[in-house]
Amino acid sequence: MPDETKSPPPPPTGEPKGPAGAPNAPSVEPVPAKKPGDPAATTDPAAPAAPPKPAPPTAAKPAEPAGGHTPAPPAKPAGPAAVAWDSEMVCKLKGQYGSGIGEASTYLGQNYMVVDSSLIPEILHVLRDQEEFDYCVDITALHYPQREKQFDVIWILYSFARNQRIRVKTLIADGEIVPSAVKIWPTANWLEREVYDMFGIRFDGHPDLKRILLPDGWKGHPLRKDYGIIQQDNEWVQINLGIESGQ
Amino acid sequence: MADATKNVSHLELGDTDKTFLDSNELIINMGPQHPATHGVLRVILRLDGEKVLGTECVIGYLHRGVEKIAENRTYAMFNPYVDRMDYVAAVSNGLGYCEAVEKLLNLEAPPRANYIRVILTELNRLASHMLWLGTHALDIGAITPLFYTFRDREEILKIFEKYCGARLTTHAFRIGGCLYETYEGFEQDVTKFLKFVTPKIDEYEELLTTNRIWVERTRNVGMLSAKDCIALGVTGPVLRASGVKWDLRKAQPYAAYPDFEFEIPTGQNGDTYDRYLVRMQEMRQSLRIIEQAVGKIPEGPIMAKVPKVIKPPVGEIYHSIEAPKGELGYFIVSDGSTQPYRVRVRPPSFVNLQALEQMVRGQLVADVIAVIGTLDIVLGEVDR
Amino acid sequence: MLDDVTSYLKSDTTPGQAGNFLWAFIYILLIFLGLSVAVIAMNWLERKILAHMQVRLGPMRVGPHGLLQPIADAIKLLIKEDIMPSESDPFVFWTAPLIVVLTAFTVFIVVPFGPTHAVTDMNIGVLFMLGVSSLSVLGVVMAGWASNSHYPLMGALRSSAQMVSYEIAMGLAVISAVLMTSLNQSGTGTLSMIGIVQAQEAQATWFVFKFFPLGLIAFFVFAVAMVAETNRAPFDLPEAESELTAGFHTEYSGFRWSLFFLAEYSAMIAVSSIAVTLWLGGWLHPFPHWLSGETWDLVFSLFPGLTFVFLAGLTFYSVARMPKHPYFRVQTMGLAGFGAVLGLIGLALFAPPVRDRVQDIYWFAAKVAGFMYLYIWYRGTFPRYRFDQLMTVGWKILLPIGLGVLIVTAILGVVL
Amino acid sequence: MQPVATTFFFYFLAAVTVLSGVLVITRRNPVHSALALILALLGQAGLYLMLYAPFVAGVQIILYAGGIMVLFLFVIMLVSIEKSQKEEQFNNMWIVGLLAALALGALFIGVYVKGRDLFAGREVALPEQSNTQQIAILLYGNYMFAFEIASLLLLVAIIGAVVMAKKRI
Amino acid sequence: MVPITTLHYLVVAAALFVLGVIGVLTRRNVVIVLMSIELILNAVNLNLVAFSRLYGLHGQVFAIFVITDAAAEAAVGLGILIAFFRNKETVNVDEVDLLKW
């Protein structure tokens, strides 16, 4: 049913976003303080790119700097900075997976780590079974059209035992398939469907990956940045609602 | 929408034995316009006689693209939109959003604002639970509690109206605190309301708690063990009714909650009856919090120093509060501009609704109604 | 002709038995009209009483205190577009409500409003009532099937299963009452409705107090079963709004729907009549043996008139409380007129020849009205049973109790 | 109750019964057949009343019309009738069946007409008022044993029906 | 008018009986066959009750027994019908041609 929805990423048609130059420039800004025991961290090609033109403070224009996910705004003196997330768990994971674990930082007291997408199911399993992150709060995604790996997929996990919340991220390109977490947390079922619905990210191993909020035949994935705010699937509207346009 | 049979082919069926005439498995389409689906929820039921073999929820009829809208509004402009998600607990939505943005801005609301926020949010929790009780009881066939709860909820809405001019979608809070100072006589109104409503909650309980039919209809219906709850990500009263003593107000306190004493009511069996009891207890605890809060609202400003143009630094934040329905989280990503790069809402109703399948499989049609009621979903929040 | 009229007035038997067809016909007409009026009044009363239980006012707009609301509703229903599902079976769809209404009304042939106030008295009266009222399940099943839709079908299956199961408990309770009629010198009981009331009169007790608490238990079984039999709350599963939208009559609208409505209320009145006849002494006034004698007879015969005068007083009190604004003038006048009519009826009921004849009917109607109030009260209080629980109550609780009561009654009847 | 207009009522009820019987065996839709059968049963109950058998009439209404026919309607609803309605309604040997049945009918009528003298004038008005009591006396007196057997039969039927209809016990 | 005698009832009963037999012999739908059997039983009942006017109440008692039998027969018959329908998806008697399924 949802086959036709997986279209190649259309060229950005909405408002032009971000500075045109070097959208996918590799990281030049050293990501804050990596664990010394993690030699490969900075060489990870999937490593989170710091903003190539680090968020200009004058960013009153609607443009978003590409790769804005990295919480390292050096130009913002008053703003809190992301610091390395020091914990036993991270050490252990890094020791175990090496370069698979990218950045692990704390921003505003909230921890997150970036994981290579190939490691996702394993890491999530480990996090659930060994580190007691037994509650998957949310699964969501971010879209950075300028980046080569366009999407961040984010798992927000919570541990009842530690009363701690972490975020696990992975970076994927458009069309790349992420392993599903349904086997790990059943709650991922609808959350992944929503991510698929909104971003077009497919999850491998999902039992019933189809649209959840939008109607089945809808074309396009609204939360992609290139999907305009008033854009709609006119064809669908005409066929199913019998009106010219929904606007 | 695809027709019912087509959708049902996707139902994953654990139970393959067919006890009735093989060819006559009944597929019933409940909703989207059905008196007991609390909005435009469509549940496709595969029935064996009265026994539910499988369900599939079709949602999205109320999808308004709130998250997309957020990306095209400034932080302050988006604030009223969150009220439209869980419209029976608009104040809680606003609180979560404002606190998330405040965290992103790395500032804190002044204590007075926090106290006002707690009072209004707890009042709103009461209102939400009252509405839940009325409709839930109505679904199970007791029509009278609905009118009682609506009568009393009206008093809460009156306080909201006096405070901010709106009854339902209040937009009560602003990023950085509250816009409105409490009106003259706010404390008295709230105290009067507390006095008025305490016996009323007993009145509801009198009608239902020991009512044999009520107990029979809700005991051992829609069971959800603590393990299942956590696996399914179910939060709020539903989780607590399964015996997990977890409440974000205690676990990760926010606003002024650390200042107050209150209990986290829990159940043991995780059935519909326990969820009912937990929510009734929660209403009492809310009253307790309000009582403590209203007596000692500190003096001071109600608004923190917030820049005229809200422009959080680049970064991302996840902040969640204990909404009446469960954990309501906001994941906000800022790119340093005036508009959020992305706002993700973690809606408790959406995640809780997912548990429906597990809760009703193997039970009877009538239980589906009871379970939908007990999950306390608001479709505005499910669909966003 | 005239002879027919007068001869019945002097006779002490029902017109049906006396072969007085004119009066039988008059009674049929009266019962038909009376039932229709009662259903309309019930409609208004239910909404009003339920509203007051639920801290609201209920209908207030159409006529003073919404008195004309049922009439407005009836008009609305009659002129409403009559929709028939395209895939339905038109013939069955049409006959179903007719069957339900017919059975609900036919039952009243044998209901004894007084020793002579009945269309006829069959010697299988109770059997006839049970049988005819059990026919209504046919209409329900047909309605559900003919609608060709899932909700009505499930509603129909539910209600037929429910009605059939509760009929058994009901029948057992009835049999124990019938058994009690045989506790006389000759040892022969009766199935005739009038005979049963006369037996209660002869045995100087209402059967609800017979072999205390046996009669009470049997009465209880019947009282529960009759609520289930009429598909009313808390046993209103067939039309459980929140589950099956409206059960077997989901697809019905307008006139045909109003037939179902009419049938439901007349069935309620019918089963209440059976309960009153079997256990609450039918037309006998309270404590017929303690409070007997000339004075008490006079006192009791004044009750009908007093009731109407009281109602008239209530109405005039409401008139006095009406807002004085000229906008309400018509309403006030209407209410006053209504009160005047009630008062006049009350006064007419004080006239000796009338009050003696009407007294029996009054006591019967008053007892039935009590049951009607109970119906409304249940609806305001109870949640709804689930289907399997309903069956459990019917088969595992009421049936054994009914059977036990029957056996014990039979043993006691032989021993005593 | 003195019987009134006996002739009219007899012909009326007989016509209702027989015509409904015809409908029963000719209707394509089993639900319509069942409805016709109910009508026939009710007509027959009327005939019983005319024959001074009110108790049998009552039992007929309760058991047949209210019980058995509901069961029939129930089952008809469960087995889908759309398919069976489209199929051939009569089997291949319907002519033979019809002829045989008609011959049987002719035989009956012939015998009755031949033996009409046997019945003529022997009708007695049975006591209607005590009909139920008398049946009860017979049922629990002379036919006690048969009565018990009948109850056993019903029990067996209940179990049999459950065994048949339920796939998994 | 001719007074209504027992013979009249017997003729009605015979007509019903014949109708029932026709139904049993010619219809293919099992449900209707079962209903035809009910017609036959009813015809017998009518005979019994009619004769009870001549020979006392025994006929009526027998009619009650017959009704009992009819109830049992209907229950078992319909049970078989359901089992049959479940297995063969049809309600045609012609297709009941296996000893085992």
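Read from first to last, the chains carry the letters A, B, C, D and E; within each, the first residue is number 1.
In this section, a contact is a pair of C-beta atoms (placed from the backbone, for glycine too) under 8 Å apart; a residue touches a chain by one contact, two chains touch by 3 or more.
Just so it is clear, the model here is predicted, and its values are computed rather than measured.
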item: Centroid-based (C-alpha) most distant chain relative to chain E; value: A
item: Pair of chains with maximal C-beta contact number; value: D-E
item: Chain whose mean Cα position lies farthest from chain C; value: A
item: CA centroid of chain B to CA centroid of chain D, Å; value: 61
item: Separation of chain A from chain C, taking each centre as the mean of its C-alpha atoms, in whole Å; value: 68
item: Interchain centroid distance [CA atoms averaged], chain B/chain C, Å; value: 45
item: Intercentroid distance (Cα basis), chain E paired with chain C, Å; value: 36
item: In chain B, residues with contacts to at least two other chains; value: 21, 23
item: Contacting residues of chain D [partner chain C, same complex]; value: 1-2, 4, 29, 31-32, 35, 38, 54-55, 57-59, 61-62, 65-67, 69-70, 73-74, 76-77, 128-133
item: Residues of chain D touching chain E in the complex; value: 6-7, 10, 14, 17-18, 21-22, 24-25, 27, 30, 33-34, 37, 40-41, 44, 47-48, 50-53, 55-56, 59-60, 63-64, 67-68, 71-72, 75-76, 78-79, 81, 83-84, 87-91, 93-94, 96-98, 100-102, 104-105, 108-109, 112-113, 116, 119-120, 122-124, 126, 131, 134-135, 138-139, 142-143, 146, 150, 153-154, 156-158, 160-165, 167
item: Residue ranges of chain B in contact with chain C within the complex; value: 26-29, 34-36, 50, 137-144, 146-148, 151, 207-208, 211, 213-214, 216-217, 364-369
item: Interface residues, chain B side, partner chain A - complex; value: 1-2, 10, 12, 59-60, 63, 65, 67-69, 71-72, 103-104, 106, 230-234, 244, 246, 251-252, 309, 311, 313-318, 320, 327, 329, 331, 333-339, 341-342, 344, 346, 350-351, 353-354, 358, 383-384
item: Of chain C, residues touching chain D in the complex; value: 16-17, 19, 89, 91-92, 95, 120, 122-124, 127-128, 130-132, 134-135, 137-138, 141-142, 144-146, 153, 156-157, 160, 164, 167, 188-189, 191
